[in-house]
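One chain, chain A, links the two complexes that follow: it is found with chain B in the first and with chain C in the second.
On to the complex of A and B.
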């Protein structure tokens, strides 16, 4: 088919996003689950609680810490990623830095907010799904945030010209096949604004393509935000109705 | 600042909820750096740092117990402010630096409290808890005779009134006694509303993960586990002896015997099936994030042993033969490789009885596994997997299931005339904390599917037998109790089978 990607989407289409809040309410203060295509991520948030160690105590703000777990069966190959794995640490740092700037940490001095992310299945856009899941879980935990943080990926086909001689459009929300094939980036924005809070790219790309990729990524973030907001409102309404009875 | 304050109380503690006053107490906190020292009062600092033990007459040491530890951080469980309850007379409660602040409004005021006078009273914060009590009716009288008195209680009459607690407070500060009172009640009801022999409802979903060869999600109450299975091809090098894999799998020994074959690649250790349990996922507040703890390692080993002892997977479905087509195995076909199975169990939420849930998830995931058809290619001298043809793993005909009981010993009481042991089927984590040991029964169920029979009387065609009983010593139980446990185990195994078959019958 002309103009369609290998999974049948157009260049600016997202994969199906399914999200849920309060998935495990007994053991965490906030929890969420998100599916973006076949990428499935579960997130638990605990806190604000007493810091687990003295080093984490900050007198004027809360400490945000993040733990990422790859389930051994999550990828196409069984790779056991330990705690000191580079990929895990990179993800942890990215999530932690992103949310330290978004959470109103000054409200919770001398406490710790722990975000633990479980990646059950990876099919491209792992970091984006982790950030989205963490936002939902933080909302579920009732931790004040400046706004939603929504993340999305965008990729750029490496061919300079397509069949008609025009330069090809960047692809929104790449899946695993595309991610391993073409350069892609993850972009996270704050709320409705087009302010970028996290941006991550690990491949080489032509400089003139970069702006278009980021622009497509930002537009994807807005779409993701709409979906997440809808779910948060639905969940909130349901919860209020349950309380009212 | 203060990380946790601790109120300890000694004397007549078995009367929590009943009628003895608490005689001896001290208040202290575990932390040393006290920022509020600036008020300059010497003995206040001492109280804050070391805790002051005050003797009162008539202390009975046999009734010592620790009451409660309080964290100053507002979490979902414990919400400040709390109020103080004072019993007895002659009490002067004086906040040191801020006289007009109501005592104990905030945790930090613990350090500033100064006490004088006689000590026939107890000082307890009220933990308002978010955990709801499932019990159908309150077994304990709520606060009846105790009213909060923040003022100095000089006008109170000298004999202290009986001390009672609200149910939720009692549940938190003395779990053992709380559980005992429930179980001594007639009919015995557990705090979660179940009867001792009743297990939680469970749900099963299989094949929800796309990258795994087989997967299952099991939820039993608030315990939820995900199990994923991945197969990997293990090619036998020309000099290797395949009997290593064969012999281990067919001999019912524990994993320790296989250590000799360690070093020849990951899968060869302990046979072809490797189990791993991940608990430190934030699934429970008891298991902190970090490297796998003792329980996770024990569980991994226990499950590995169970897989091997029960010979759950037939070895033949793991062999890869030297043949071009997928016809029946000829006697002279040579084994060229094996499938090794990696079983990973991820605990998402933990509320007791992880063993049963994990084992059931493993069995269900194995049952739903589809491995690609693999064959030896003579010309390339490699094992090739077919991209579209899959075959199910063949498991043993009758599937074994575990059932775990928590043993709770009840003390001597008038009703039963002596200490007895109660067995709780499928304990939750609250009960597990109080259990003195566990009893695990592995039972097997044979089933014959007759067309149409399943819907009418699902358990009629089932034949069960016990394969393994594990009780590691700790409590004494009678023969009759074991017998009733085995009955409960078989009926639970039958329910497992039923739900498994239902899940398998539904199209994916």
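On to the complex of A and C.
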């Protein structure tokens, strides 16, 4: 079909996003669940609490730590990823660094905020889904943030959509097939602004194409933010109504 | 040396360093100790029980650096967007490079051995990069306890060099499914004064470009490795030279915009609020971008950084190429007639 991607989307369409807050009934302070297409991520946040080790004590701010768990069944092949897996550690550092600058850590000195992310199913855009899930869980935990952090992916399509010889539009929110096929990047922005807090790309791309990819990614972040904000408001309203009864 | 395909994979390991007997530079650099301070730091680690933290920067120092940046000045007198001078020196062996950026110093060494390929990739050689930071570089690094920087660095090099297929792994194949070259880059961090990532990347790329593999002939089941004295060893097939450029975001300029500084020193790194590493080659292909967290920056600024990185890389690429050529000339200066035979540009 003309102009459609392998899953029937157009270049600027997101996959279905479903998100939920307060999903965990355990003693996590905040929790969330997000589905972006077939990428499914569960996130728990605990804290601010006493740091688990003395090394993590900072006198003037809270320490943000992150744990990422890949379910062995989450990918196409059954792979167990341990704590020392490079991919796990990279994700952990990326999430931890992103949120260290977004959480108002100076309000909680000598304490620790732990974000633990469980990846249940991978279908492209894992990092983006993890960041989105963590934002929701932190909001659920009532931890003060500067603003929402929303992440989205964009890929440089190789096919030519228009016959006029113009360069093809980048694809928004790539799935696993696309991700393994074409160069893609993950962008995370802060709130309404178009300021980028995290940017990650692992494939080779011509520098001229980069700008369009980032621009499409940022527009995706805005869409994701709208969806997340709607859910947060719905959840908040529901909670207030439940209290009122 | 003659090799036959051996029945046991365990006996397959023929380490093949073609180093001259006089040089054992890795363990015993012939140069004087790189940094007189590093000897003290080793002792410091020895005495303290817990991992020493990097000393925190004083308030006065912080204000000084940030105020200076407002006026486009840096403590060491460089421009905001200029690198320190990159000094490359080569060892006696091929594939041994010593890179210095100011007080930062990294050694890279390439070694090769013949192994059995992985069963799922029978016609590809292997290439691993090993990075280990010890207390030699900085008192906050401890052997066997990798820091965050350690992880970031090894992942970045992996993505920049391995994933961008800078090295043609298929060219390392000797006999499909039987024997391939296994290359290994060992990075030694001798002193840390900021920007370890860029330095390590330059060191690895230069070492790979400098390295020569011994010539191999295969006849039937027999694999013959020709010693350096018999046949001129061949350079690796490097498809492109990806080079990392790290931007550090710190302070504000007069308009309140965040300042992005290139090639930060340790002092500037301690003060920075965020960083971004862009890997580009001289053809303007971005191989990797990573900015995780830190201060939020406008997309416009990031694009400017990426374009600037592409410009800088052209210069660095040229510098590496010149250094390699100079080394080759110096190497062939003696009466190494066997080396001249293989060249087309010899004086006739």
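Convention: the second predicted complex is superposed on the first by the 237 of 245 C-alpha atoms of A that agree within 3 Å, B and C clash if a C-alpha of one lies under 4 Å from a C-alpha of the other, contacts with A are read in each partner's own complex, and residues count from 1 in each chain.
Rule of thumb we're sticking to: a residue touches a chain if its C-beta (ideal position, glycine included) is under 8 Å from a C-beta of that chain, and two chains touch if they have at least 3 such contacts.
Because the structure is predicted, anything quoted here is derived from the model rather than measured.
Enquirer: When the two structures are laid over each other on chain A, do chain B and chain C clash or fit?
Expert: Superposition result for chain B and chain C: fit.
Enquirer: In the superposed arrangement, which partner chain does A:55 touch: chain B (first), chain C (second), both, or neither?
Expert: Second partner only.
Enquirer: With both complexes overlaid on chain A, does A:211 touch chain B (first), chain C (second), both or neither?
Expert: After superposition on chain A, A:211 lies in contact with chain C alone.
Enquirer: Which partner does A:169 contact after superposing on A: first (chain B), second (chain C), both, neither?
Expert: A:169 contacts neither chain B nor chain C.
Enquirer: Just checking: does A:192 make contact with chain B only, chain C only, both, or neither of them? Give me first, second, both or neither.
Expert: After superposing on A, A:192 lies clear of both chain B and chain C.
Enquirer: Taking the superposition as given, does A:202 touch the first partner, chain B, the second, chain C, both, or neither?
Expert: After superposing on A, A:202 lies in contact with chain C but is clear of chain B.
Enquirer: Once both structures sit on top of one another, what is the angle chain B-chain A-chain C taken between CA centres, to the nearest 10 degrees?
Expert: 110
Enquirer: Least CA distance chain B-chain C after superposition, rounded to whole Å?
Expert: 14 Å.
Enquirer: Touching chain B and also chain C: which chain A residues?
Expert: none
Enquirer: Show which residues of chain A lie in contact with chain B when the two form their complex.
Expert: 24, 26-29, 38, 40, 42, 44, 46, 48-50, 52, 67, 69, 71-76, 78, 83, 110-111, 114, 116, 118, 120-123
Enquirer: Which residues, counting only chain A, touch chain C once they are in their complex?
Expert: On the chain A side, the touching residues are 55, 86, 89-90, 93-94, 96-101, 185, 189-190, 193-208, 210-211, 214-215, 218.
Enquirer: Please output the residues of chain C touching chain A within their complex, sorted ascending.
Expert: Residues in contact with chain A: 50-51, 148, 151-152, 154-155, 158-159, 163-164, 273-274, 276, 280, 284-299, 302-303, 306-307, 310.
Enquirer: Can you name the residues of chain B that touch chain A in the complex?
Expert: Residues 1, 3-4, 71-76, 209-212, 215, 222, 224, 226, 228-230, 232, 276, 278, 281-285, 288-291, 342, 344, 346, 348-351 of chain B touch chain A in their complex.
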